[in-house]
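Labels for the chains are A, B, C and D, by order of writing; each one numbers its residues from 1.
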C-alpha cells in the first residue's frame, strides 16, 4: 500500500529523530522552560525578523487555534472564517467549547477576502449578536490554495480598519512558502498578522507547532491559557528540540527542503494527471490535490493506494484528496500515475 | 547540577526511543487509529485482565482528567477531590474551564476517605448546589502516599453506594504498584474503579498516558470528546508505539522495572536522610519525598542539586520535594546524602 | 408616536395585572414551587392534552432556548437551525456560551425542511465535526411564516429517523395558532415535538414563558440546569400567576384572543398596504410584516411611527418591520395606512 | 401558616405595584433602553453620589454575580469568596458554568478578612493554578452579619494592593444599611468597591436588582454580556419602573423603610427569643436569625410557622433560619414568640 492519505502518516525526518536521541538523557526543566525551547524561539525570531514577540511551543494545531482564540476574545466575541476553515470544520466544535462562535462565510477558492470580512462584520454589530473580533485564515488554505502577498496585505489592512485581530493558521506553512508562484515570504507574513504558527506536525516533526504572537493583548498570561486548555506538555523541550532541528540553517533548513519536496511530488502528480485528462476541484498549488475521477477508477486505485474520497459520488465522478509529504518518494508518484493511466485508458 | 526536580526532566527510556526509531518511517492512519495503538490497547487489556473496556491513547495527564470529567458529568454536576488533588491544584482551573466544580475536602495524608466523601456529598444535595457525581483520586497521591487495597475497596464501595463514578489518576501509577508495602495490584485497581490511566510521561515515555474506561456511560463518543478538548494527536501512533515498548513483557516490562528503580532510589534517599536525623512532611512511600531541612542547608544544597522548595520557610525550616526517576543514578543519591550530611553536621 | 416596533413594548393585559395584584400579598414558596405555578402547569397539560410532561415556568425566551439546548446536548453535539433562527441570530452567542455550535442552513421562507436537515446532518458525521443532535425551529418563524401541519409532521418524522431531538420555540406561538389558514393545533404541535414553549412575553404577559418538556432525557435535573444557567426566579410564582390569567378559559382565554387581535391588526395593515401597491419581504401570515417602501417614505413615516428598518437601503427601497400586539388599536393601523397612502401618492 | 421562610415569599410593596399599573399601557423600547430605566439609573447615581458609573437593571442576584464575574475575569482567573458565599454555595455552579473557579476560604462569622484574602492569593500565584482576580463579598453576609466601615475599608485596601477587583453582592443591602449599629453608608460602600448591586427582589420588588459598575474594565460591552448570559429582559423597563418606586424620596424612600421594618421585626424576634433563653448561631444583626432550638420544639413550631431547618440535628438541638421581610407583621412575631415560649416552658 502506498500512502497519499495525509502528510502526517509517517514519523519524523531522520534529523529530527537524531536530535531527540542526542538530547534524550539531558535533564531540563519542564513545560517548555528549557534551553532548547528558548533556543528554538530565538531561531524563529531571527527567521521572521521580529524580536519583540512571544514564541510558544504547542503540541498541535487545534491547541494553537483554540488557545489563541480563547485567549484573545472576550466572551461575547466571535471569529470570522471561511466555512472550510479548519477551526470551523475539523475541530469538533472545540472553539465553541470555549464559548465562542465561528462566524462563517463561503470562501472563494477556499480563501477569505476583504469583502467577505465586511459582509460578516456588518451583519454582526448589534448587542443581540456576537461581535466579530478576529479573522482566522490558513496559509495555505484547507483546499491547498495560497494567499498572494497582495491578498494577505488586503486582509491585514481590512483587519486594522475594523479592529479585528488577524491570525494565520500555518499548519502547512512550509508548503505555502515553497510552492510554485508564492510571492509571500515568512517575514512578510509575520509582519502582516497579529499571530501565526509554523506547523511542525505536517512537515516532518513528530508533533509540535511554534506559535508566534506579536500582539501583546492576545498574549496576556498565555502560558496560563495553554495549561487551562490542557496543552502544556510536561516535557515541553521535545518541541523545542524538534524545531531546533527543523530550522537549523534557516532558509536552507530541512523545514524548507521537506516542504519543497512535498510540493514537487504534488506538482508531478498534478501534471501527470492533467496529462491524462483529469480535472481538479479547486486550485491547489501546494501538497494537496483534489482530482476528480470516475468512480470505478477511484475504487480500483483504492486497492493499492491510500487516499480519502473527498465528497460523495456525483454523476459517476468522485473527487479524491491526494497528499504528499516529506517522505513521499518519486516511485510512489510514478506508480500512482501509471496505474491511473491504465485504468483511465481502459474505460 | 543533579536533578531531583521531577520525574519528567529527561527524555524517554532507550527502549522507547528505539521503538520510535524502528517504526519511524512506517505510514499509518492518524489520530490513534493505527495498529500500534490497537496493539498497545490489547496489551493493556491483558495486563489488567479486563476485555470489555476502552483504551484511549492520551497526550498527557491533564487531558486525561479533564476529558474524562467533561465526558462523564452533566453540566450541573461536580467532582469530589482532596484539595491537594492534581485536577484541583495544578491544572489552572482546566476542569472549571469545562463548566464543572471540583468540590474539595482536606485529605488525610493526601488521601480521600469514605467519610470525607459522605461529608462532601451530603452538603451538596439541593438544587441550589452542584451535584457531586464523580470521585477523583490519584494513586499514588500528589504527596506520594499510597492507597491500600482495603482503602481503595472502601472508596469503591462508597462510590457505588452513592452513585458516584470512581476515577483514578495514575500519572505515577508505576510508582504505586512497585512501592514497598503496596498490596493493590493493577488488576485489582482496575476492577475497583470506573476509569483510570496508566501514566507514561512520569515513567519513561516521552509523553503519553493510556486511559482505560470501563463504564460505558463515561465513554460515550469519547473520541469526539478528545478532539473537542484539543487532545487528539495527529500522529497518535506515537503513544501506541511507546506503550508497546513500555509494557513489552507485562509484569517484567520496563514499565515496572523503571518505577521500581525510582522507588529504590527514593528509598535510599529517605533512609539516608533519616539516618541524618531529618524529618519529613507526609508519609510518601513512592518516588517523591518531602524532607524538612534548615533553610541554610536548603540554600547550600540548591547550588548543586535542582529541587523544589515545597512551602515557605517556617521556624527556620523549609520542606523540599525530591523526586527520583527511571534515570536517577545511585551516584546522584550518594552525592546528595554526602553533601546533606556535611551541611547538617557543620551546623 | 405610535409603536409598531415590537409586541413587547407595553406591559401586560389588564387581566394579568389584576391577577398579580390579587395574589400580591400571599406568602408562597420560592423558585416556582408554589400552588400557582403548579396550577398553571396543570392548565397547560390539559390544554395540550398530555399528562406525562414537565412544565417549567421560565423568565424569557433566551433562557428557554439555551437551557433546553445545554440540558439536552452532550458537549460534542450541536443543534441545527435556519440561519435566521433566534437562537442563532439574536442571542449574542448564548448557545455557544454553553459550548455548543448552532449549525445553520439558509431557510426557505424562514423555514427548515427535512431536506435541509439531511444536508446539515450528513455533513457532520465524522469525529472531527460536532454531531447534530437537535433540531430547533420557531413557530411562527422569525420572519412571521408558519409551518403547516404537514410540514411540521415531516420535520418530526425526519427527527425521529435521524435520532434528533425536536424543539419548537414558541415565543409567538399564539400568533401562529390563531393566524389565517393555520391548520396545526397546539395539541398536534405538542404531540409532534420533544419540547416547546408557550410564549408569554410577546403575548400579553409582563414576562415569562411556559416550557413543556415531554422527552425525559432532555428533562434530567432540569431545575438544576435552570439555576445553573441563572434563570431560576426567586418569586417564581409570578410566572405561574400570569399563565393562570392568560390561559383561564382554555381556547376562549385571553391568550388566544390577544394573539388573534394582533393578527387581525397585522392583516389589516397588510391588506391596506397591498392596496397601496406595496410589496413585501417574505410571506408572513402572523403579527409581523415586512413591507418594502421607498426610502423617503420610510423616513417620513419614521417621524410619527416607531418601527425597525429591517435591512439597509437597496435601489432606493427599504424593508421595514411592523409588529402588532394585543394592545395595538384599530386607530393606530388606520393612522399608519392613511399617512403611508398620502406619502406614496405624493411621489 | 405564618411565613418566616424568606424575604421573597410575597409579591411587591403596594407602591411598586401601583407604579407598574400606572405605566402598564405605555409603549417603550425594550431591553432596558427606556426612560424609566434611565431615570432609575439617574436616581441611583444621585443616591450613591457617583456620576461616572454604569447602572444595569438586572433580573436577579445570580445573573448579577455571574455576569459580573464572567465579564471581569480572563479565562484563567478566579474569584475569592468565603465558603458560605452565595456565588459559591447557592448558585448550582453557575460561576463555574462560565469557566471560572470560586476559590473559597472559611469565613469568620461569615465574613472575609484581608488576611484570608492574602492566604488565598498567595497560594495561587503559579501558572499551574488559576489566578485570583476578584474578591466577592455580600453585605450583609449570607448569615446576616454586617461589615463595618473599617472592615470594608480594609478589604478595599487589600484589593487595591493585590490588584483584585472588589465586588459586593447587595441582595439584602437595605437590611445592612438600616440595621442596628451599621456605620457604613451606601455612598461609602459605593466609593470602596468596583461594583455592587442594590437588591430589589428581597426588599419589596417583584424582582430586579440594580447593578452599579464603576470600574470601566469590568463594564466593557456589558449589555452584550447580559444577553449572552441570558439575562436581558425584553420588557426591561419593568425593573426601572420598580426602582423608581423603591427609591422615590431617596433616604426617605420605601427602600429604606421596608428594610428598616424587616430589621425591627427580626430584632423583636431576636430579643424575645433571648428572653426565653434561646441561643443563636452566628451574629446576625439583620433580617435573618438563626436560633438553636430543641428538636421537639422545632417540630411543633413547624406546624404553625414556615421556616427552614438550617442544619441537621445535633445533640437534640436544631438551628433554624427565621427571615423577616417588609410584609412581616408585628402580630406574626408575637405569635411566634408566644408559641415558642409555651413550648419551651413546657419542657
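Throughout what follows, a residue touches a chain if its C-beta (ideal position, glycine included) is under 8 Å from a C-beta of that chain, and two chains touch if they have at least 3 such contacts.
Just so it is clear, the model here is predicted, and its values are computed rather than measured.
Participant: According to the touch definition, list the chains common to the neighbour sets of chain A and chain B.
Facilitator: Both chain A and chain B are touched by C, D, going by the contact rule given at the top.
Participant: Count the C-beta pairs in contact for C-D and for B-C, then report the pair with the higher count.
Facilitator: C-D
Participant: Taking the mean of the C-alpha atoms as each chain's centre, how many Å separate chain B from chain D?
Facilitator: That gives a centre separation of 43 Å.
Participant: What's the distance between the Cα centroids of chain C and chain D, rounded to whole Å?
Facilitator: Chain centroid spacing, chain C to chain D, equals 34 Å.
Participant: Express in whole angstrom the distance between the two chain centres, defined as the mean CA positions of chain B and chain C.
Facilitator: About 51 Å, centre to centre.
Participant: Taking each residue of chain C in turn, which ones touch at least two of the other chains?
Facilitator: 75-76, 91-93, 97-99, 127-128, 130, 224, 227-228
Participant: Mind listing the chain A positions that touch chain D in their complex?
Facilitator: Chain A reaches chain D through residues 31, 70-71, 74-76, 98-99, 127-128, 130-131, 220-221, 223-225, 227-228.
Participant: With touch defined as at the start, can you tell me which chain A residues reach chain B in the complex?
Facilitator: These residues of chain A touch chain B: 1, 3, 5-6, 8-12, 14, 17, 20-21, 23-30, 59-63, 66-67, 91-94, 97-98, 201-202, 206-207, 224, 227-235, 238, 306, 327.
Participant: Note which residues of chain A are touching chain C in the complex, please.
Facilitator: Residue list for chain A touching chain C: 75-76, 78, 89-93, 96-102, 127-130.
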